[in-house]
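Multiple structures are listed underneath, in structure tokens.
First chain A sits with chain B, and in the next complex the same chain sits with chain C.
Showing the complex of A and B:
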């Protein structure tokens, strides 16, 4: 059974103009999003993961433009959208977003009820008491107790975790097809983080959402994602199902990201850290962008950009190490440990 | 760390209480907290936001006034009113590293000033001596000496955090309070800062109080861990002991929330939610007691018996 493709990105390029210079934020990314799946996009800050999903909603900053490629959704090419009017048919209604910081994404001057009803009235043509009833229903769904009383309260009366629940309620209130969560739990405590993630999982089933998670922490997405895409310097370097990426990662950058997790470290030993800094995206990148920081880099990595090598029908990676002519390189030991499930007594 | 029990503690916290708010509406942020920190160890303090973990750190460096109990550093009382000389000495010996490297550095000062500001408090140094100290501190944390003439906005998050560490190191402290030093950083940079902290500890025999909300990070760096909930420490044990045999329900809840980078574990994980109402403290108040050597837990008698049974059931590692 082949799942339906709900959103299809082809060779997307995004450039920003900054002080007269051009920054290549997204360098030819292709990605198919399947209906009903949950995809996680993982990368360091500055890897372009947020910029990438912002193009789906027309939320790029004014100095950023899509210079090539297409984003097909529902037979429309979102990359060709120019006016705000066009975007309003998609933004919120079809594709909604939950932002990182619940402190800044709510209006402090309006009650929670007002902010949810606003979204419902705009997108579902419900008004007055009907809108209010729907809002109460949704607040209950996101796990806020006593919603009728809470509706009349202001954001400052909610804790961080509760605020994030409200933000999720607003996003879901528009009945979108795709829900994008941009670092939904980075600003939250570990206990609250786990609760919010399980809430998002529940909502996904209940509202038949397709979810996209963006995060820098691979540990967070293991439980929620069906597929994982690893981004580096404006490009997806590896994509596969969750099991494939965690248990048999192929790209050295994925190895590096996994081995720098403190959960995998052994106390008293050095934790692996990625040397160097991400590449300067103002300059033209030759070859593999990760090569200068890659201990396994081959000569060709500095010359020619690797194509995708297919590992399995669902798993592909952009690294020359997968070329049949490349020397055989074993991933670091920590990753083997992960495969056997031989770590952590928790 | 069995040897730590017979050593003299570097820092002793006894029945510490910190209260905010007015006399009429007092709010106890930290309530009756006691622990010892031994020289050369890393002591992890874990709790969610609002649990009072930062308040404890700030009480130790005398930012928050103590409203009960006492804090002793090398046997000397350092809470409440102390002599000026002692205060000056403490400012040098106890240093702090802050959470957000974007907010904790003065945007309008050069790195050389930020790093050396603390030196102004202890004696006069000539300009050349000051610069030498700055360069030494910068190279200790893996930054280039020429960074001294730059401004904080020119650096990435990880580099800024290193500047924050250099600022603490220049005072040649014995004890460093690291208040969530890596929660604002990316995963890949976290590893660098954690490695730096443990390298410095080995080289200089520093003692850390490591405050964090993420148990997985604390596990990696700490020798002993205290779990704090609503201003009260509920469990304290050596790291591996705490992870192998967590007793208090709140500790279990925290452990269950650690995200594991393993899909099969993570997908069938049962999240434990802590409900303070599950304790029946109507008949008997909980007490802080040592259930096995080095493992403390907050419980009343019936709970203690239950915990003892759990410990016996589980095979010792």
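Showing the complex of A and C:
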């Protein structure tokens, strides 16, 4: 059965104006999000992952604008939304978000109950005691014990992991169709990370959510995602199922990214790092953005931007290496090893 | 809350006690002329006799003890030179109401104009109101108050046809001094509120509130303003109390019979008892202001109750 496309992004371009210069944060990204799936967007800092998902909710900073492309959701083009009134029909109600740092993403002067009820009253049309009851229910769902008492407490009375549960409760309380988790575990310690991730998986099933994870932690990806999109310099360079991207990656950037995963059980080897730095997004990028750092770069990589080459119906990559005319290149050895080692954690 | 209040109250009392002691001790170092209306005409014997009758020749600890007992009975002594033999409190009581009334009116104006200005500035950063407000604040802080007070008195009396001098019976004569008194507070309230609101606006919880679909209006109202107001309440009582205590400039400019110029006046005339009473009262006002500020902030910020022993800010 072909899954329904819930959100479809076409050739999205986002530019920021910074001190009189223009930064091309998103350079023509297309992506179809399927209903009920769990997609992970990975990439290094500054690759545009966060900016990309923020466009779904109209949460770009004031100096950022969508300069091209479309975001189709529910028959509407979100990229055309201008006023706050339009966005309020989407924010929370359709698409909700879990932010990175639970220590700062709750209002310190409002009770947890207030902050959850605020979402419930906005989106579920429940008020007063009914809203409260729902909030207690949701708190229980996210694994907070003694929710009735906890409702009256303030954020500083919660630990980091518990606060992230509250943030997740707020997002879920909106009853969204899509839940975006922007590095939901980055600020938490490893044992709590696992708990939060399994909680998110549970809630996804319970509330029939489509989830989008943004992360640079490949261990997280392996744990939660059905599909993975690899972003580099404001572009999705490779997308496929978790299996495909991890076990038979095609883009040299994905190779490099996977190679830099530390392997348990290997001693004495230096950790791999990608040479060079990401490209300057203020300047126009010619050809493949990764070419200058790519040991496998072809001449054409410096001239012409590669299109997507289809590897399988679910797997595409943007590299000239997949062109039939390109020389045959084997992925680095370590990629083969990964297959055997697995991706339990990082 | 009760424990915190009791603790803060006790701290304030101790501070007040220390201040009373210091003020009293300092006053003993003042020239004894300050105890006499007609010092020059008295001979040494008369002076000694008078000092003795006032208890000023007793050993210091005894004097101090008597002084504490006096204040605890609400007796601040009698004026010696300013208005001889009239109790200090009565003199102050005569003058205070005008200052208090004018101060309250000006605080009301400052809150009504200053807070909305601050909000408007924070909302439209670097738009019209922000620029207007910044210009106003810079003007008020940079130009000495005496200068614009004087300009207002010079020009506005003409333009609006209001009296140049104050009189209690004429309501229109209240306008200029009250408004002048409000100007600095308008600027400060607007400046601080804008600053704290901009601080709050950049915090992550505002992003989350936006992401959950709260409208900008409600974010401003329920999250930003409320949170930005907390650091402000701490210093509001102090600012209110000091405004109410009277302004030397304004009161001498418009000859308002308030207590603004009183302290300077009695210091110049060496009325020791009056100086002592006034300094004590002003210190008490300052301490009460701080105390109220802390208690208000405590009431508004749940985090403070959990600070450990001695952790009160």
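Quick notes on this one:
Following the convention adopted for this analysis, the second predicted complex is superposed on the first by the 337 of 346 C-alpha atoms of A that agree within 3 Å, B and C clash if a C-alpha of one lies under 4 Å from a C-alpha of the other, contacts with A are read in each partner's own complex, and residues count from 1 in each chain.
Methods note: contacts are C-beta pairs under 8 Å (C-beta built on N, C-alpha and C of every residue); 3 or more make two chains touch, one makes a residue touch a chain.
All values derive from a computational prediction rather than experimental measurement.
Applying the stated contact rule after C-alpha superposition, one finds that A:190 touches chain B and leaves chain C untouched.
When the two structures are aligned on the shared chain, A:171 is found in touch with chain C, with no touch to chain B.
Applying the stated contact rule after C-alpha superposition, one finds that A:273 touches chain B and leaves chain C untouched. Taking chain B and chain C in turn and counting the residues of chain A each one touches, the greater count comes from B. Touch criterion met: A:156 reaches chain C, while chain B stays clear of it. In the superposition on chain A, contact of A:285 is made with neither chain B nor chain C. In the superposed pair of complexes, A:118 makes contact with chain C only, with no contact to chain B.
Taken together, the two complexes place no residue of chain A in contact with both chain B and chain C. Chain contact summary for the complex, chain C toward chain A: residues 203-205, 207-216, 222-223, 226-227, 230, 300-303, 306. Listing the residues of chain A that touch chain C in their complex gives 57, 59, 84, 88, 90-93, 96-97, 99, 101, 104-110, 118-119, 122-123, 154, 156-157, 167, 170-171, 173-174.
Chain A contributes residues 44-45, 160, 189-195, 198, 216-220, 222-223, 225, 242-243, 246-247, 256-258, 260-265, 267, 270-274, 277, 338, 341, 343-346 to its touches with chain B in the complex.
Residues of chain B that touch chain A in their complex: 48-49, 156-157, 186-192, 194-195, 198, 213-217, 219-221, 239, 243-244, 253-267, 269, 271, 273-274.
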